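Heads up, the next two complexes both have chain A, just with different partners, chain B and then chain C.
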Partner chain A sequence: MTRTRTPGISRRSALALMGAGAMTFAAPWAARAQAKTIKIGMPTILSGRVAQLGTSSRNAVMLEVEKVNAAGGLAGRQIEMVVRDSKGQPQEAARVARELVNTDGCELLLDGEASSGSFAVHEVARDLGVLCIHTCSEASSLTADPKQHIPNAFRCVRQGIHDSIVGGSYAAAISKAKGLKKWATCSPDYAYGRDTTGEFTLYLKRFAPDVEIISESWPKLFQPDYTEVVTKILQAKPQALYSCLWGGDLTSCIDQANIYAMFGQMEVFAVNMADYTALTVVKNLPKGIHSGNRYIKTFPTTPENAAWGDAYKAKYNEYPTNWSWQNATAVMFLAEAAKKANSADGKKLAEVLKGLTIKCPFGADGTVTMRGDDHTLVGYAIGWGTTIPQEPYVPEVKAGDWKTIFELEAEWKKSKGYT
Partner chain B sequence: MDLDALAGCLSSSACLVTQTTSGLIIGMLLFLVAVGLTLIFGVLKVVNFSHGAFYMFGAYFAMAAYQLTGSFALAMLAGAAGTAILGLIFERVFMSRVYGADVLMQLLVCYAFVLIFDDVVRIIWGPEFKSMGMPSAFQVMPLFIAGGVVPPYYLLLIGVALVAAVVLGFGLSRSRIGKVIRAAAHNPGMVSALGINTGLIYGGVFALGGMLAGLAGALAAPVRSLTPGMGFSVLIESFIVTVIGGMGSILGALIGALLLGLIRSFGSLGFPLFTEGLMYLFMVIVLVSKPTGLFGKEAA
Partner chain C sequence: MTELEAGRAQALAPVRGGAALQRYRDVLIALVAFAVLASLPLFTGSKALLDFVIRCSAYGLFATSLNLLVGYTGLTSFGHGMFFGLGAYGFGLIMQKLGVPIPVAVVATLAITAVIAAIIGAICVRLKEIYFAFVTLAFQMLIHSTILSWASFTGGDQGLRGGIPRPAFLGINLANHIHLYIASCALLVLGLLAMRQIAQSPFGYTLRMIRDNAARASFLGIDVWRAKLTVFVLAALFASMGGMVMALFVSGAYPEFAYWTISGEAIFINMLGGVSTFLGPMVGTVLLLLLNDTVTRFTEYHGIVLGVVILFFALGLRKGLLDFVAEWFSQRRDAGEGR
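Let's turn to the complex of A and B:
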């Protein structure tokens, strides 16, 4: 007599497979729960034209993680950073972020992406529910727009709207004092350049209503030659120029404007000048360019900030960037939140992070706060000053007033329909 | 569109001088890169997609030499000579193996070396952007000609590029070597049968093309930021120049580059949001009306 088998797998095999499957999928979680180390994933830009910013972000994180680990870790768990290159591409940033959580077992994310990538990582955080701190995106809408709000995402970055309010107010004061009524703008032709320039001129005109924008130039991002832009500005004969060009684009433009003696013919306001990446590269830095602070170790003028800048330089043989201090601050927030929550669990950390104020070398008054209602950083040192060609590069910075920033930011949010 | 600004500029001698020299500067740098590209194509029948890398290396070699010696002349020499040697090695070791191959294979080899060269620069000089700085001799007030602003350094740049154009033009049309090169471009088999080493000619032409791109990079180094991959955008514009001027034509490269420079210079006033588009539009118009380019010859 022969036994016949029905097609398909047997009940016993099915049970075995299901069991194996359950073990396979449950094992990482079980192992993770018991793990002594906590993995923090970090997608950032480690190749391409802005690789230096991503590298400086990673460096700053590692500098702070070493301190946290030496002090016992995150609620007793040593931090293991898993840093991956997104190449600056949003889809790659999202893929890497997902992989860091699902495959590498990272329990928290530090999103070291520029704005375009940050919005993609934000959606991954929304989907997976993992605690995510954005550390580089300055686009205000990332946290100001309530549609973007999720309980597990925070932004530990300066904001475009804050910079514009302070910059507009600073520029208007100089404009009134020196009678600068005719302005030109020259900013990169993409969302950041357009938004930042729009917000700057909005507040410039608010504080100095008789200002007129007589010429606008929008060179494309990473444009190698600015000759036609420089000559166009010279033809317009403005009394002042605003630019949010950055990095190599800014230094190229300065080098090319220098030989036309442009800086002697108008006041120049370049929000991204006062960052060591640009300050140390330009060989013939003109005196008297007005700039917002990005990162300089002399502002805020505190021993803590200077010591942090020196420690970074001693370790990496270069000065930190704007992205560096923001990433370092994110780790400081995590460490403090873990202490308060006595846990490294993402949900508990998120609860504590809301409204948390910590001591920080980059705070306007020595502290910074993760604002509770929109999960964004406030209270950081923000100001404008004029450059000189050698250290300290920006000897005096006029600090922005956070009370004014809060008032105008609230108005701006209302005008945008965010509140 | 701001046609008033453009009309205002065209009626003002100061603006006309400034914008015209601005166009010449942009055009002359483009010419140096594009002429190497067109020369290599004319003789070797290879579209060298890695040509932008020679521009990049020229800039980096010049910066390194300038930092080492402080001499601007040596920096220019290092940029030009260094890329000539690099071009020769690249052609002999790699490109010479794919001359008979499918165009896709040539493209693949060139593109692979674009990535490899970028990484080499990244390893040697780092991923961050660099600046060579303007030599002190040129840190002077610009000249004012008919009310227009003309920086002295740009006069030098235009002069060097013009000399290169004249030497190249006369060299190829009048000298014996030039005649051999033209013969090799026309019928390499016959040239080889006459006992002339065509491999040497090919290597020499590739080195010359690389040298011209390297010289452009060296001349641009004091006013442009240096980054790995900086050759890419220049390469795209150089292709537009060669397409407008006609592949293989040196005069075409010169005229195409100058036209493109002037389009950008005056276009930024009249069509500030469409300056890039104007270049492509002009290329399309040329291609439609004369598919071989302004000075290109019909295939036999």
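Let's turn to the complex of A and C:
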């Protein structure tokens, strides 16, 4: 018998395919039709080397969103988070952000991207006009540079320049007290490492003019072996060392420097040490490393902060990260802004967010502010302290002075031509 | 004309006629493809679909240009992404710093890419196989490191910030999503048509000969080095065009555009789509972007899914999708003709 029909796609399959296609194209309208809930899109890094930070951002957001929803939602609308991986690639971050708004019907964006990804999402926000809160990028220029300014974008993140001012003044005080004049630096060889180190030494020398930098090391990002760096530092015999290595790079460097007993030979200032991701991973955490606070539940020393850290740990069985508190704060800002505006509309929220001060467990005085003129977070708890090998890891943190930060930040902006 | 020459001319006439027909067929297909793509916004309001086509244009030009090297000339470049990055950065920087009209920036970027590609190519194409692959990779890392280190000019690891200005020209406003979409489709179709012409020209067949037996081509009087350098520069130009489309899409340029992973993606696209058919890389581009966009919607473990897909193509089909389909059709036809 011969076949009268060539094998092909069956009628049922064709109908199923057409149905699937129609659903794909109808999805945005269907999504918008359910106006009772409000979708918030969040591109962040959920795979690769910094996935842990992206996951901790998502965790913190979900923790806060549950509270907001339990309290009635955003101006009466329940929040539905749509969190998607950008792999840390800017072009993917831009695509995901556009998809979240255009296809998934997200009305607001929380941008959980670092570095270049945040600038890519910023351009999407500029293009689509959607309210966007950056929650992870510490690059000061994102909000300090007037070219970046758009009315619908805010940044709810600590800033490199704030850390450098506080770090520089803290280190200068110790430098004067202990007579630390010869300094070495060891930071990752990319813009963040070079900028942050440059700003730290600028303020260190400003507060302690007799300090001299006698050695600089610039290991590559994600470098596995630090032997050469450690021996170079030891040979230079500095009295103090500054580093803005972070994450796995910092813990690898400390583990390898421990073999050479480096930490007994000099005072070490590592701005990114006081974060649980580093503190709990280092095999033998040396006593007395000076560090800026990233996230630590003992600073600020308030019951609200401790309770928030414990609640996070209880839910996710790990401590929050620096990215966690920033993302949680962004949701708190949205909730408060929606209350004030009595609306979840992006434009109305943006109006209210300008200059908004809210109660927050992570505030230096129990509050944080979204500064009106550059749409950036100020007033958060910022300080430096020294480590001990077990919990609470950094028992005492000396708080930075926001008055000094504001003065020097204004000078810095002027020097950069931003004002 | 001698009798022998006259005989040859007669024999060549149908071949030339066939080539002309082929050329017109290609132009016709290109026109139809452009008309279909350009009319898409009339039928759907899905911005995501238009975004998808814009990204397909960028990656499609880039991956097909790599196939000119890999598939047609046998030069496996691991560093082709440097030209994608050069296109994005060149265009973005010219628009930001000089504020010239867009067509001027496009031509200037292509000229810069051509000069850099000629210098790099002059060094690389002397080498063969793995040495060629690794030296191209080394140049890519050099360019990537330069972008990172020259922060005052390129913005370092944070990329070109502040958006790329897109002033209107000839009534075309690339800040408008639909205009950008149609311009991307036009660049894609024109780029593919130009590459098709290169592939089907006598020069294209010279490249195939070099791929199959470079020594033989050399003995026949072909300057192998010059031919390889020419195709290296041409491929760089099309990759650069892809980079410009991507820069326009994200309104910026980032170091990741010049990193080795972007070259890896182009190689992966070629593996998916196939290298022995002209449209293989384009099919691969659509497949990869579809896979990426679908899988990342549902899981962050997309690496596992893509890995399984690579294994399926590498171990299961042992070739790209379009190669597999073409072979299957040819086997069916042969079976039908009773061969």
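Convention: the second predicted complex is superposed on the first by the 386 of 419 C-alpha atoms of A that agree within 3 Å, B and C clash if a C-alpha of one lies under 4 Å from a C-alpha of the other, contacts with A are read in each partner's own complex, and residues count from 1 in each chain.
What we mean here is this: a contact is a pair of C-beta atoms (placed from the backbone, for glycine too) under 8 Å apart; a residue touches a chain by one contact, two chains touch by 3 or more.
Everything quoted here is computed from the prediction, not taken from an experiment.
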- Query: When the two structures are superposed on chain A, do chain B and chain C clash or fit side by side?
  - Reply: fit
- Once the shared chain is lined up, is A:G247 touching chain B (first), chain C (second), both, or neither of them? first
- Item | First (chain B), second (chain C), both or neither touched by A:Q91 | second
- Tell me which partner A:D210 touches in the superposition: chain B (first), chain C (second), both or neither. neither
- Applying the touch criterion given at the start, work out whether A:A261 contacts chain B, chain C, both or neither, answering first, second, both or neither. first
- Query: Touch check for A:A51: first (chain B), second (chain C), both, or neither?
  - Reply: both
- Touching A:V229 in the superposition: chain B (first), chain C (second), both, neither? first
- Partner chain(s) touched by A:D127 [first = chain B, second = chain C, both, neither]: second
- Task: Aligned on chain A, what is the least Cα gap between chain B and chain C? Give it in whole Å.
- Result: 5
- Message: Quick check on my understanding: which residues of chain A belong to both its chain B contact set and its chain C contact set?
- Response: 47, 51
- Task: State the interface residues of chain C toward chain A in the complex, per the touch definition above.
- Result: 44, 46-49, 51, 55, 148, 151, 156-159, 161-163, 246, 249-252, 254-257, 293, 296-297, 300-303
- Task: Would you tell me which residues of chain A are touching chain B in their complex?
- Result: 47-49, 51-52, 55, 216-218, 220, 222-225, 227-232, 234-235, 247-249, 251-252, 255-256, 258-261, 277, 281-284
- Message: Quick check: in the complex, which residue numbers of chain B touch chain A?
- Response: 5, 9, 15, 18-19, 22-23, 25-26, 29, 127-134, 138-139, 141-142, 149, 151-154, 220, 222-225, 227-230, 233-234, 264-265, 267-269, 272-273, 275-276
- Query: Taking the complex as given, what residues does chain A use to touch chain C?
  - Reply: 25, 28, 46-47, 51, 84-85, 87, 89-92, 94-96, 98-99, 102-103, 115-116, 119-120, 122-123, 126-127, 139, 141, 145, 147-148, 190-192, 194
